[in-house]
Amino acid sequence: MDTTAFEQRESTVRGYCRAYPTVFASASNARQVAEDGTSYIDFFAGAGVLNFGHNNPLMKDAMIAFLERDGVAHSLDTYTTTKRDFVEKFRDVILEPRGMDHRMQFMGPTGTNAVEAALKLARLATGRREIVAFSHGFHGMTLGSLAATANHAFRQWAGVPLADVVRLPFETAPGGDTAVADYGAALRDASSGLTPPAAFLVEPLQAEGGVNVATAEWLRQVQDLAHEVGALFIIDDIQAACGRTGSYFSFDGMGLDPDIVTLAKGLGGFGTPIAMNLNKPWVDDHWSPGAHTGTFRGQGLSFVAGAVALDYFTDDVLMNEVKTKGEVMRNRLQRIADAHPGQRWEVRGRGMMQGLDTGDGAFAKRVQAAAFDAGLLIGPCGTGGQVIKLIPPLTIPDDDLELGLDRLDKAIATAMEGD
Amino acid sequence: MDTTAFEQRESTVRGYCRAYPTVFASASNARQVAEDGTSYIDFFAGAGVLNFGHNNPLMKDAMIAFLERDGVAHSLDTYTTTKRDFVEKFRDVILEPRGMDHRMQFMGPTGTNAVEAALKLARLATGRREIVAFSHGFHGMTLGSLAATANHAFRQWAGVPLADVVRLPFETAPGGDTAVADYGAALRDASSGLTPPAAFLVEPLQAEGGVNVATAEWLRQVQDLAHEVGALFIIDDIQAACGRTGSYFSFDGMGLDPDIVTLAKGLGGFGTPIAMNLNKPWVDDHWSPGAHTGTFRGQGLSFVAGAVALDYFTDDVLMNEVKTKGEVMRNRLQRIADAHPGQRWEVRGRGMMQGLDTGDGAFAKRVQAAAFDAGLLIGPCGTGGQVIKLIPPLTIPDDDLELGLDRLDKAIATAMEGD
Amino acid sequence: MDTTAFEQRESTVRGYCRAYPTVFASASNARQVAEDGTSYIDFFAGAGVLNFGHNNPLMKDAMIAFLERDGVAHSLDTYTTTKRDFVEKFRDVILEPRGMDHRMQFMGPTGTNAVEAALKLARLATGRREIVAFSHGFHGMTLGSLAATANHAFRQWAGVPLADVVRLPFETAPGGDTAVADYGAALRDASSGLTPPAAFLVEPLQAEGGVNVATAEWLRQVQDLAHEVGALFIIDDIQAACGRTGSYFSFDGMGLDPDIVTLAKGLGGFGTPIAMNLNKPWVDDHWSPGAHTGTFRGQGLSFVAGAVALDYFTDDVLMNEVKTKGEVMRNRLQRIADAHPGQRWEVRGRGMMQGLDTGDGAFAKRVQAAAFDAGLLIGPCGTGGQVIKLIPPLTIPDDDLELGLDRLDKAIATAMEGD
Amino acid sequence: MDTTAFEQRESTVRGYCRAYPTVFASASNARQVAEDGTSYIDFFAGAGVLNFGHNNPLMKDAMIAFLERDGVAHSLDTYTTTKRDFVEKFRDVILEPRGMDHRMQFMGPTGTNAVEAALKLARLATGRREIVAFSHGFHGMTLGSLAATANHAFRQWAGVPLADVVRLPFETAPGGDTAVADYGAALRDASSGLTPPAAFLVEPLQAEGGVNVATAEWLRQVQDLAHEVGALFIIDDIQAACGRTGSYFSFDGMGLDPDIVTLAKGLGGFGTPIAMNLNKPWVDDHWSPGAHTGTFRGQGLSFVAGAVALDYFTDDVLMNEVKTKGEVMRNRLQRIADAHPGQRWEVRGRGMMQGLDTGDGAFAKRVQAAAFDAGLLIGPCGTGGQVIKLIPPLTIPDDDLELGLDRLDKAIATAMEGD
């Protein structure tokens, strides 16, 4: 394993390579294979990107065919046949069945750019400045989205104040039960010193923030307050959409009607970059042509693979699998938690995003290391990294899922010994 | 040509599709072919991304092979064999021959993310806030980089103040001859009310800003002042590097030693996203692991094609072609300008980025439309879009280059008639 | 009554003259006499400045003697015998009996300047930026203090964002019972997205905000949280100190130990400007000489009259009167409220600051107008001016107090008829 | 000399008392007498407040009479006969003879409050944010005005960024000859990245900044640019007006028509606080009643003494004296400079504000100390305090002026020995 070039020439900022000290050579579905031949089960899926597995064969075939026929790989925001296929399919498979009249906006192909575009649009549409964002929320690394991200571990690097964000506790955080109501009361009080915000930005299922699950009731309360005070209701579904929770959006069936939905990660299917916002037409009308640009808005390979991914949502097969596998994951985590009653571990999650909150970041880091040694890739999240988050590909074979959970079990035991 | 889905379901923000009202189906080297069979010569190259042509066959072969062998397409910032190949090759082909000891940082794969990371790092390394940026500069659309972008057409959509940027005129703008010296004098004056900046951020060749060419002397003056006052000297080479000017960097041979260089666009070779900063080690040491993250940092396909692109820089063949073709472009533009002496058109540029400043955005827009009708894709730039910028693929065949210039000639004549 | 010069040449911004449309010629204790001979009972006392009455004879004699002996009327912050008398007396009469080791800081002689200096010092002492301020709080009109002021009616004129303030509901505002606890919980949560503040800035008795009375328990909770998170606890006692509530400070006897106390208004006794902060020594040590300056810091006439004012606090005579008269005021307001049970009027206050919350700013304005016609000066406060605030001089003769309350009674009746 | 109370109980921030280590007991015209009997000649005049001398007998008589007749000492912004006298007299003596149609706005009675009000109004009137202010400018200590103040020695204590100010070099600073023209050119360039400012804020004669004298030509250039770009032209005449330069305003006779003039310091005549802005009617109309308030806006004693001060401007007697005495001061300083040719000392000033720029703050501090020992009060100013500024009362007797200059001569000689 030769990592000299990385050590000498890659930035100190590199991170995951330190938790997974190997060099990967290939990957397939829920497996990543290092150049030394070791095969790892992947419960991290590229931080929630690879919902349909590494090198999904259907996508791979489509991408190779696209390359061979000289498809337009890079198109800015010109029209291409490939993009049209994607747009039509997303309309037909996702939007129309839900009665959603949103428009699709493509921007720089990263989640942070999607959030930046959403915040710009919210400010334009309302003529206001402040964004209400929630504790433990994660929305990206560029200056506008970082302002909305809660975690001090990321915010401390900004170098300038992160402004124009009002912070409320998320439903599951201390004070989260009353905060939205109190904030609403304050907004109605002309001497509160508060100005009405441009938007409320919320993840229904906080992934990076620690697998925190909001209820439909609370989300509706947020939406209702937003609309009462003339603000937009924005759902950041970048990590939890595209089937992760057992339906396309993480907020399906909750009776919500967001003004903007931000999407990225799993949208492209294969791991190539793409981001897309869904804007209500009246909101979208505040844009002018070219108001928010970006070089890599038209990614042919992402459109091709992303269109294949949408096929998984034309019937219930995969979503039913997600529900079943999600139960398997949850039950196993619960058994683990139950086996250590003194630790007060908590299991949380929805569908195939399940977390074990160990309350101890150092311990979770030891679990991650032991898991790696055992051939399993996992990524801690939440404050101080204390939550072990499991987000395998939705397409993971049952055997690999079980084997991965066994390895997790073992890793936890190993980490406990280290105490 | 069916564009219904776009018109009904794509955001109002879409832009280039309005200038090029067709649906592209395929592309090869300097040609894009619409689904109606029309073949366009591409003098825009994906806004400067496709230096090596659409669907470069060497890259395409490498990418298909990579897909077929289940290479790791998405790797966050873990180590992969593919990434190692790229890193080693960039070191060997680009950095070491120039004696550059910079480290490579990968971040979200867009230019704006590269600029955001550079500004963060500059602020961390200096403990200061303000960035000196220049008139007509373009640095991206997210809040941190947009603050550094000068053009009001983009800045007006921010919705919040764009702060912590000091603006100086670029060398070629009014006052640009004395501004750096005057600013330096003010910084040395303890009662000037100025605080020393964290960094100077400059494009040696402003592309989007209107094909404005800085001299080596002026750039050295900026660098010297930066270092005198303890600020970083950052070169944004996102659009002008990767061979565009006849050498890898647009600042090669100028006696400059930037603390950070931002790269994106052409770096991936094929049009798939990638961005990379080059940080001097002492600067880079201010990062901590994971301080600036992003989902799409490890793009296997971009590494594969990008490594192929680096082969063009192991000898002088392509760079000599760039010089020759650049002369052809420049001479033709000069002939056009000379043919209309009353218009005071100006020709500017370096290598294969050449611009014709018409001083009239409405006219340039008519030229763009007439060119499209004649089978040529061009993109105006500069204030009000008054500069016709030519940035064909560096690999454009001579015949296509000549034919494209003929079509431009005709389009200008057509646009003149419309006056 | 000739007001031509005012109407033609004074700024549109003038305000109180519109509510009191006359020209005052002289004033004595609780009476102001217009040039037409009308004598008004003053329940407003110069917005809480004239605690010891207009033209207090003891002060007047001292001031005339000072002028006649060529005392130093304007001394910047040089030492004068007059200033020394004041400083020693304030130490002996106010600070030492309370065991307060605070230092006195004189700055520009207005309340807003006192608040600005306090916020600067808090930021210096903590190296932090944000100030926690409360809904309905009033702290001044300059940019730093205006940021802490809650009322939209004042904030809207800033012209720039009012930044670096975190807003919590005051104890009596909606959500005020839980907000401090919830905010504390959030500060303890590393992923809350909050940064610890430099200071908590609070008025124990909000005057301008609507005569809102905080409990000792709540104030201690604020102080405890401030100290737990390393922030300063700042009391703005500008309107409520100097005997208004029946003791020198409005927070006497509450078990509080503020890091900074801001004083102004009544401190000079006679209505000439002065402001003074009381800083704990460890906090004050963060200043350097000359760090916060101002031309009018050394006001001889204010020191002279202010020293006379301190004589009122060497025994209990005046403070006992305040308690008695405060009861008279409160009882009368309560009778008024009780007489109109359907209106849900609320009586609030402490000592000789008592308010009748009518819930209706337009009505309160009519009361003010009717009171003026009846020979009584009052000033509405609170959101939309809905609270009729009574703050007569503490030295008001009993007869005038009763007569003023009678006139108020009548004015309310008149205003009710207008409904 | 007992300074115990100050040392133990006054804030560390106290400043001038350190340069003048004594306790003053009385003062008359240009003399201050310490309690030990030492008589000092005052060339500092309360930092430019006491233009008409300490305890001006005409004012003193008027103030005592006012007190004895129970005049309204504190009136907020209600109408009083005393205020009317002042307003009418200012109109008749100052405004009408100059054809100025400005309105008078009274605010918190300090210079910093005047500047804050002016900046608010400029932002309201233009809907813009940024204020252009100049290097070496001094405009006050509260957050809004401090942002416009240039000197780092004051700015460093803000604790938060001082925003929304664009800084240009003053005419006499490095780059000052071209900066306004260059800035104008940049504002006309739509891709400059600049937004047009709300106002230009300038002192025609920078006092605190180092006795820097602007020419009429340069001031007209600033005014013309302001008006060309739709910004206000604001003159801060707080220290240089009220006769200091030999006419009422420092800009009289320069062909200027400022949109706002800020006044304070000498306006009250006696050293009691007052501040007043002069607003062009169309600008002033952007205020609403009560938009900018303040407790101490109506200072009877300041109106009384200020009205007496205006008598000095009904004929040319005092202004002619100012010109004569100013020449005496300037000639003496020039002789001193000429006597030390190797030092490159520079004499600057207008009327009775004259400065000797020694280029050496430590030396100027020694001069100040030696002058104090010799019985002369002076205050250094400018960067590092290197300029010895002479601003005696305009009413100083010729003998005291000569004697003071002799003492200065001696102090300089003493300080030179210390080298």
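What to note about this one:
Per-chain residue numbering starts at 1, and chain names A, B, C and D are given in the order in which the chains are listed.
FYI, contacts are C-beta pairs under 8 Å (C-beta built on N, C-alpha and C of every residue); 3 or more make two chains touch, one makes a residue touch a chain.
Source: prediction; values computed, not measured.
In summary, the chains found to touch both subunit A and subunit D are B, C. Greatest Cα centroid separation from subunit B: this falls to C. Centre-to-centre, using mean CA coordinates, subunit C is 30 Å away from subunit D. Computed centre separation for the pair subunit B/subunit C is 59 angstrom, with centres defined by C-alpha atoms. We define each chain's centre as the mean of its Cα atoms; on that basis subunit B and subunit D are separated by 51 Å. Residues of subunit D found to touch two or more other chains are 129, 153, 161, 163-164. Residues of subunit C touching subunit A in their complex: 129, 133-137, 149-153, 155, 161, 163-165, 167, 169, 173-175, 178-179, 181-183, 185-186, 188-195, 209-210, 382-384.
Of all residues in subunit C, only 2-3, 5-6, 9-18, 20, 22-28, 32, 35, 46-50, 54-55, 60, 63-64, 67-81, 84, 87-88, 91, 95, 103-113, 116-117, 119-120, 122-124, 129, 141-145, 147, 153-154, 157-160, 163-164, 198, 264-265, 270-273, 277, 279, 284-285, 287-296, 299-301 touch subunit D in the complex they form.
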